[in-house]
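Should a chain be cited, it is by its letter among A, B, C and D, assigned in written order, with residues numbered from 1 in that chain.
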């Protein structure tokens, strides 16, 4: 085995281990020099990015699943008694995981580059970079792990480090309060998730997601409670209305570079919600099988899809409408973008939730046994593809807008929209980046937001026209929201207070430019992204048995 | 009945904790509520580790070594959870120190009012 | 927070070595008994906290700098991760227990169903316990120290 | 493997197709029209004369900061006509940690009723 192949084999572990090592080395290195420390952090995140692109390329292009077991060869251990227990921690990487870590890599890299100049004038930067790297490691761990308890641990690592980062401006009372709210909310959510994990462990003696998916019977009350706790706990982590109130507080008060990575952690929560619903409870929610043997109908699994679909769609509609209406009224720049982010999350949940209604039975007769499979229709598959594509687009668009808000804050020390104005004359590049973000987030061609929103609208129109109309209406309101920002921050007469304002430093422009380039690239070649990245992820999401087969063998 | 007592305690701890978090107005009491929920969940995990008639998973001079040992996974999970809990508790308390320094109060409603009035 | 009376100081001086030894014992026997790096570290850190309470945070802050503690803490964390990476180098799997079966350090393999606790077993687990113990001692003590120091000052004295 | 077809291809959206290439071509065409109209405009104006002053029906010009319409004044009609909705929304967003947890418990209860009981 040559070096490259062994690196590829070990990459799932290294993706988490390299930022962790970097996080603990940063306080030691920052004793030398500030520039060396910044370069070291960028190097560590870049190395992680290279590993992620290697792994994702292999998983997505060759359509194969990577498994990495810590401390042994197989996740199962067999004591002398002959039974086998899946006790080792496993990282199982299929198409969906590979798709998510690409988002994580982009956000982490841009965030670290952006903070080079953005955070320069603050003290305590060694702790800042340690926490950022810890947060990146936790986020990538959440996206990679195939073990329920390990997922909880990474969730807590992420929430602790991001809470400390939200409260980074300790001289402002608001940001400390936002950090406190965030830690209370995320701890309670995580504890209920842990409770659900414990319920599942008590029943099936397993923590491995594949083993659980294989053995869940869903015939007891505790299974139902576990599903309820998982949906609501992870929904809270993903910021679904009405559990979204922590999100504007924390997004609004954190430093912009941190907010960028916070978006990644929120979407890791969303990913986990989809993973639980589609894979761990997949047999009972998305792909139940009915057997008819000699006239007797045996349902191998419980058909829960319509109930879960209704829950997701109702929450998604609420999320879109309330998010966008609060954004329209808000007069604080960062809180407004945060409410827009809430509304965008609604689109993803709506697309995935509406797909549940298209599950339809198809019958096959094998050796006299009539088997009924449930599978997604064409429109449902399109909706799932659109929802997944929108995850990456939303991360980029909202991320770019937050970076612009950070740039405005950097030069004016002001986030209130009422006090800003006329900045386009002095900040040309920032204005262009903001217009790109505005067009992308409200779904205008040729930006990436249009491609995914078009997929969502047209596929949902086939499922239920009213849902599509609500989605389009919310998109229009989003456009109105950001046109207001464009007017009140960038256009209008030059305000004397901001006469001396200059364009932001190079590293911040590079950070915003990178995301803007990716946005335009995704917008101009959506077919490339859909075929090569989104399609494998959607296939992995819809086929829970491939996950079980791939990670247990 | 005797085997159900830990589960009743778990439910009680979690409900008391939720009550404290939702209805108490002092931030310190909210933190106490969170630790109560956390100990409820930890108690639940450790209760799951018990299997009737099995030995504790420690190598000692116990003569009944032929009997089955219970799998020590829940104990490990509980320890990890406790460690995380300590970190969260320390973070929350230090944030409370900062909050008190800024606003001079720990009452949730007064804090919300003061936050809205700011700027 | 200023120091407490002389009686308290003397008693905590006497008790501190015992607490220290007990905590280190728990760390060292983490692979044999219930306990390990975190538990032992917490015991040692509570011993340190006892000294902190009896002598006051300002005195302790003069003796122990927060920076030294944070260096110790990251040293512990780095050694933990490096042990994982060494597993990758020697055993071709991350966190592989590559020390099992060697002749000199923690390498003995106990016989099946042996009941006696043998200290020289378990491969890298004791080393990991030491690393975690170091991190927890430094980390917890730093938290307690900084919190005590911050609450002892009045509003506006430190940022 | 990545092919040129997948680079420039159009994708199926369930009830239609979308290809950004068409959009790019049409935007270039529109830009050409805009440019050709713009060419007929007159060049050159006299600086430091009344031509550069803004004309507000003969009224004197306000200060710069007052000229700028504030963000919270925009979409006044929208927020005014939907006041009853915003009243409810403002009551929801109290900024109070306990209420956040209360909403979580409410959602937990609703989902529990939907999945667990029915």
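In this section, contacts are C-beta pairs under 8 Å (C-beta built on N, C-alpha and C of every residue); 3 or more make two chains touch, one makes a residue touch a chain.
In this text, all values refer to a predicted model and were calculated from it rather than measured experimentally.
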Selected interface, A-B versus A-D, where C-beta contact pairs are more numerous: A-D
Whole-Å gap between the CA centroids of chain B and chain C: 23
Whole-Å gap separating chain A and chain B, where each centre is the average of the chain's CA atoms: 27
Distance between chain centroids, defined by C-alpha means - chain C, chain D (Å): 54
Multi-partner residues of chain D (at least 2 other chains): 95, 97, 101
Touching two or more other chains - residues of chain B: 21, 27, 30, 111, 115
Junction residues of chain A - those touching two or more other chains: 170, 180, 184, 188
Chain-level touch network, classified as line, ring, star, complete or other: other
For the chain B and chain A complex, residues of the former touching the latter: 14, 21, 27, 30, 34, 37-38, 41, 44-45, 48, 68, 71, 73-74, 77, 80-81, 84, 87-88, 91-92, 95-96, 98-99, 102-103, 111, 114-115, 118-119
Residue numbers on chain A that touch chain B, as the complex places them: 81, 85, 87, 149, 152-153, 156, 160, 163-164, 167, 170, 173-174, 176-177, 179-180, 183-184, 187-188, 191, 194-195, 198, 201-202, 205, 207, 416
Residue ranges of chain A in contact with chain D within the complex: 61, 180-181, 184-185, 188-189, 192, 221, 224-225, 227-229, 231-232, 235-236, 242-243, 245-246, 249, 304, 307-308, 310-311, 315, 322, 325-326, 328-329, 331, 378-379, 382-383, 386, 417-418, 421-422, 445-446, 451, 454-455, 458-459, 461-462, 480, 484-485, 487-488, 492-497, 523-528, 530-532
Contacting residues of chain B [partner chain D, same complex]: 18, 21-25, 27, 30, 108-109, 111-112, 115-116
Footprint of chain A on chain C - complex, ascending: 70-71, 74-75, 77-78, 81-82, 84-85, 87-88, 92-97, 112, 159
